[in-house]
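What follows is a pair of complexes built around chain A, which joins chain B in one and chain C in the other.
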Partner chain A sequence: MAKHGGWAGKVLRVDLSTGKISTEDTLEKYRDYLGGTGIGYKVIWDEVQAGVKSFDPANKIVYGVGPLAGTGAPCNGRTAITTLWPTCWPKALVASGHMGGQFAAELKYAGYDAIIIEGRADRPVWLSVWDEKVEIKDARQLWGQGIRRTTIEINQQMGPEASVAAIGQAGENLAPMSVVMNSYSHSAGGVGGVMGSKNLKAIGVRGTGSVRIAGNKEEWEKLIKLHLSLLGANNQHVVPSNPQPWAEHYNAGSRWMASAGRRWGAANPSIDTGACEPHNLNRIAYRTNNAAYFLGDKAWQHTVRGNGCTACPIRCHTMLKVPAVSAKYGIPELGQNTCVGLLFGRAFFKSFPDGPKGQTAIEACMVGMYLADDLGVWDNYGQLQRDFQALYYNGIFKRKVAEKEFNSYSWNKYEQGDPTFLFELLPRIANKEGELATALGLGTGHLLERWGIPEQEWLENHDLLYWKLGHPKHHSNEDAGQCGVIINTQYNRDAQCHSHSNFTRNGLPIEVQKRLAAELWGSPDAVDAVAAFTPMNAHKAKMAKWSLLRKELHDCLSLCNWMGPWVASPLKEREYRGDDSIESLLYSLATGDKKSRQELDTIAERIFLLHRALTIRDMGAKDMRTKHDTIPDWVFTDPKDKAAFSKGTIRMDKEDIKLAMDMFYEEMAWDKETGSPTKATYRRLGLGTVADELAKRGLLP
Partner chain B sequence: MERQEEVRANILNIIRDRSESGRLISAEEILTELKRRGLLTSEEIKPKTHLETALKQALQENRDVKEILAPNGVCYYYSVRRLSETYAGILVLKSENPLWLIAEVVRENSKRYPRPVPVAGFMESPFDLTLEAILECLRVMGEDKEYQDIAQTITSVGKTFLYSSRHLDPDYASMLAEWLDVGQADNP
Partner chain C sequence: MTGGLIIAFSASGAKAAKEGPVIIMDQAEGLVIADPTKCVGCRRCELACTEFNDGKASPTIARIKISRNLNFGVNGIPTGQRGGGAWGNGLVIQDICNQCPHPVPCANACPNDAIVVRPPTNARVVDSKRCSGCKMCRRACPWEMMSFDSGTNKATKCFLCDGSPKCVEACPSGALTYAAWRDLTGKIPPRVAPTAIVAPEKAQTCNECHKK
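So, the complex of A and B:
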């Protein structure tokens, strides 16, 4: 490479114990790891010893972005934050959280590909990164403030262009169930307490530079247009939710909600989302309305617009205006978020007086967003709320919490679906007030241990969706049968992988999905229709490997895996094909380092392998198959006791899943017996020294 | 341009314009539109065969233009550049009997994707049926042996979906309805 493009070129390192601020050359040190989680895993492997705990000063936090952050590539606003995960139970292991918003781009414009935070400040501080001027600033006046106030205060100092990633009271108080958040609604869960343990309240970033595109500018423009043309709506749903004149297919379960007559009713003047014909790239932002998707038709009248990350036309954070909440709850009438963030408040309640999609449910969402996104409470992909319901309705709270404390909550309000209950609960979680709230703030695994509840009870309960290590499933068998199960065995928190579910939920007919699957993974049998699963085959293992590697690749390049990969599209003339090479095309043109799809996937495999090695090292175990890659019992059950592989069930078969894991390990060239990567695999992927280190510890198969 | 070619080009424009607005057009309507736009000479106005030949040729020469036969025997025309075959199919069914419209849409979805269809979907564009009309259709269907395959399933949050038992069995249909209505949103 002559002069590189894409990367900013420097990694910023800040030691909060000593106050030392330094930089290092990104490409010299991290080129083989691209960026994002790649830099994160590398730093943790090289610099954080096994046995370090999440809140120890010796733990580090790596805010990593990739070569595509801050470019014009669609959906590039993701920052990967890697650290030892405090909700990972029974011991902290490496994991990453991902926030969208504007932080990633701003960091690049300031000249950095990552920030490594180490040590612990002796008083509350915040980090100001303004191009090359980096300062550790006193945050005593911010300590105790919520995320919104903190963000505003720092923006007043750094200017409105600065992006501020801040923690709330939950993080300050070292509640493991806490987030860091930028741009008011873009959070990374699990990281808040780690920042709090370092006395780091926030990072404000302002950059006045730009990201260089190494390749031909016209080709780049053309590529961006191609990529935009392949986008569907959020989660890469490529068909609209109801019939449109241009559309051959439609699916009531699609997030492509736009349609003539469906209006953003709270915009001024209100806006008709219209037909959104896919070739009209200027209307992509009208396709998705996650509030209407999750909360029903009523949400249209409250919709102001979509909000989202840098360079992403999807705008999946729907902004709602609900005037009634000001008078009723004393909170602002505007709120915005997506998915579990949007549903944060609603999800605590079993029912509402006017039904699951009525006005009260919307108000519960508004209250939930207002509180959680200011206090910085995390919900662990909805596990907090599922746990809460189970613990209350099974009488466990009553048994575990002192009577006086238990009675201090208005349980009648809770049972009636009154959103004001959230004002009692969420601040207490953030401030660790009382046993109930403190236990909830620990995360599922630590809560169960604290209250002497066997994890097995959670592993057997289908409704709780709990998977392992204190975390829930994230797109498992319900989405993609064995492929989803395999993916959910691999990480140390919920898997956060959407490569497979974005494909299976894209809304195309099964015969089209099978045709595309044959091109991508070698056989139409790689995918099944939902709840009509067939026994395991090698192509499903290929799909699982591909899904994991693309997730890791996106996390390193700063592409949004809540959108990609883009292997299906809304385009009939392409027979609904997307482009499996879009990542490598973007990478090559942006950086000037020409890499084929396969070459880039190999780098992603190296990075994924390093994550595996870290997990093995820190667990001190090589038998990953039985100690780590575990599957909860509920996966093998069905509410109607329907047999696995019969139509209408997502139940899996134990023997078949054993075979699935065999095939996956084979596909990865890992040892089948232990599920540990072999020395040869480490060497093939350029991780020979990692293999040597593991060999010294007796951790190679 | 030869006169014949000119007529064909005008016909194509009319079909494509109509498709652009999300609607089909019949031969008769094309003729009316040609007249309205003043695009036919007085000799060309009368002979019906003249238009039919031009239309046929336009269809052969332009792969985007399609013909669809409505159950009442009338042929409609549209351009797939602007209007999909699926949508055209819905429009011709809509021009007929709502019973048929609902049943065919439900059968097609059950067979092809496969998935059940929410009843409320028929109240939206392009179906635009009222709830009363839909309920009446379902009542009549229940008594008509032609529609005995059209069945209902209700999700845990009370939303009714329709499916065809020719293509989905009841457990499978109810699982898929739950997935569409509740499961996907609960597993975002």
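So, the complex of A and C:
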């Protein structure tokens, strides 16, 4: 049993070049960085030199979880995987991918807070982590197999409870657009090729130990129940999507889909999701049905049940049963995923014969999940499919690809919305067959460069939602105005931050949101109604900072930022307040290391700052403001040319966004001119040696 | 029943001579009933069981067992995508303790008579003071519902949380119900063939009671 609560206490280090396996004391070495991405950034800063490329043996992969992973804290199922990001263009920079599933918990039960993978094996291997017994195993038999075959064969060796994170053919073939996947449908994008470059096919984990709760168990039970009572549906949407007998408010955009008459139609017998009154904690799992949210009412009849991560009552993955696909496409009738993973196949097509929410669209989803989640192809938050449509319909494929190859695709099927087209396309991306598929597998930035297309065209295109560095926007101005824009400037891939959008899209009326915002960020003006944006103010910058720090905190503690923070709730008697301290309450009781909300936010700020320092070091530039924190031109346009701040547009104003960045840098105590953190800021957050290192390189403002 | 030979640790607390073997005869009052069509595989029941009772998250010692059926169902990996669990038909079978009627296999197999009846539910529970950690009980349960806590070196099993099971309270999909006891031992297929043997003195007790 670990000395401390929460943490397992050990970090596992595996050098694939030498075969050396060792462990480190988590708290001795990484206490100031909590876990997850914190350990990831620390390892990359200390051990990976600037200039290393993603697929170099000198790059490292850090599978990190935090003190809450494996506990009963709701929404703790996520593993953060930090490495130099292969789709980050023009140069690999640090970033992290995040997968749910059972892997995080199993790693803790095995006794580890993180696994650091370094070097490169001389032949295909997989890593077996079975409590304290860790072995590098021959994977030559598995090489060339899909994720599902690989997982089953490893489960045969390690037992059915083992969690297996595996790559498919896409990762083996070093396609940057590739994932690592565990628990059937839980993937982390971008990491597959880095695993492949190390000849590492999979990591199988089996843990029979436990995670100790340091605090009093009755207090822990009370806290868990408090947290559960504050949960909404997926993305912390706290009102239902249609009127309910118990609900004061409803919002059609909510992911709280449950309602009398809406049934898990493919359960046997079918199950009515019903009213889901928020105080009834035994019905939380029925609230969310992301298949129905994204695919429409037809999805209900195909719903077997919700699925998801360890300890999460919000089942954001939906298990679908579509018997027709078995005969039509020769694939299993069951499939499951969420959000862009669910929509993977559908999103390639512009239209379907029976409309965007018809049966064919659902079948395209089934085919897409079947293929992509076995081959291990990543879609870069939907950018792959948006690029594909643009490249085809603008005639770029035809121009860039040899005629014979171009004609080898059944474009008539594609245009007709025939899902069988995916059988032609996705295996070729994974296997890098031909120019078209190989280019798509590179990711947007490298594809554009390869084909001599100026990035500017993408930056200006309102439909492509491309942001920068080869990656798209992720909850930007369309969800939170300037706050969303600021957040989308900060990372080296899509921002993956939901702290802000989980608030602005929670479904509560704007008056209620403003009341809560005043308590959280000092003024009701911190938030606007979506598409009724007002000019920048300092409170929006506060909210942006809070959003980023909480995202980073969640990625270190192993809480899900797709669900948290929990500052609004479905509870009328709380006037829809959540609890801004839930993270620190959970952390303190689980670990026994008592920290206030502010203290924990300060640690999160240190970790976020280290990410910033790494970005600066590896770019070799201190002028972040103009070189890194860039904003695509489409943000400042409107398809109907509506003026910024007018009702119905998400268009931002250039001068106002300049002010927004000024205010954000100020809030962070960074240098306004360069957007680089100052020496004093590094020192204040305990990163003095980082500042010294940057000073040596002339990278302090 | 012939007096003296049998010690029944019953709800009424009746007990006789110290040296005789424990043979449980009283029926349990309650039972956790599980509906696999509603299980969403979140394992909150396993975590509530061990965190709220033992102060640690530990599916291995959970007295309701989900993890082992979660991926591939009760028939395991060979069924691949044709079996149960998330990889198969989606059904997650929740393994629960039947609170067996007499003769109680785990109790009879215990060389220390450490599995006893405890009021108010009459659940069959491990008396950890008596448990020596020999794991014979694990070999006796056809449903593999005995757990072993390597932290305490003791066996553990479902004790119905004295009448308000934490797992039932924790289930976010209402798949678990605490109900009046009924005999499920003939209804739920065993997972393994038990290999424990009943000690000769207990076997003798059986013969004493069940005289021809």
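Methods note: the second predicted complex is superposed on the first by the 698 of 701 C-alpha atoms of A that agree within 3 Å, B and C clash if a C-alpha of one lies under 4 Å from a C-alpha of the other, contacts with A are read in each partner's own complex, and residues count from 1 in each chain.
The criterion applied here is as follows: a residue touches a chain if its C-beta (ideal position, glycine included) is under 8 Å from a C-beta of that chain, and two chains touch if they have at least 3 such contacts.
Everything quoted here is computed from the prediction, not taken from an experiment.
With chain A as the common reference for superposition, the partners chain B and chain C occupy compatible, non-clashing space. When both complexes are overlaid on chain A, the residue A:Pro509 reaches chain B alone and has no touch with chain C.
When the two complexes are overlaid on their common chain A, residue A:Ser197 makes contact with neither chain B nor chain C. Put simply, more of the residues of chain A are touched by C, taking chain B and chain C as the two choices. Angle at the C-alpha centre of chain A formed with the centres of chain B and chain C, after superposition on chain A: 80°, rounded to the nearest 10. Within the superposed three-chain model, A:Asp479 lies in touch with chain B and out of touch with chain C [touch as defined at top].
In the superposition on chain A, A:Thr360 contacts neither chain B nor chain C.
In the superposition on chain A, A:Gly648 contacts chain B only, with no contact to chain C. Legend: residue contacts after superposition of the two complexes on their common chain; A:Ala252 is shown touching chain B, with no touch to chain C.
In the superposed model, A:Ser229 makes contact with neither chain B nor chain C. For the three-chain overlay built from the shared chain A, the minimum Cα spacing from chain B to chain C equals 19 Å. On the chain C side of its complex with chain A, the touching residues are 37-44, 47-48, 50-61, 67-72, 76-77, 80-81, 85-90, 150-151, 166, 169-174.
Within the complex formed with chain A, the residues of chain B that make contact are 19, 22, 82-87, 90, 112-115, 117-118, 121, 124-127, 157-158, 169, 171-176, 179-181, 183-188. Contact residues on chain A toward chain B in their complex (touch as defined above): 242-253, 259-261, 275, 293-294, 339-340, 343, 355-357, 382, 465, 475, 478-479, 505, 509-511, 529-532, 572, 640, 642, 647-650. Contacts from chain A toward chain C in the complex involve residues 1, 70-72, 102, 105, 108-109, 148, 152, 155-156, 159-161, 183-184, 208-213, 217-218, 220-221, 224, 228, 267-269, 271, 281-286, 304-313, 315, 319, 321, 332, 334, 336.
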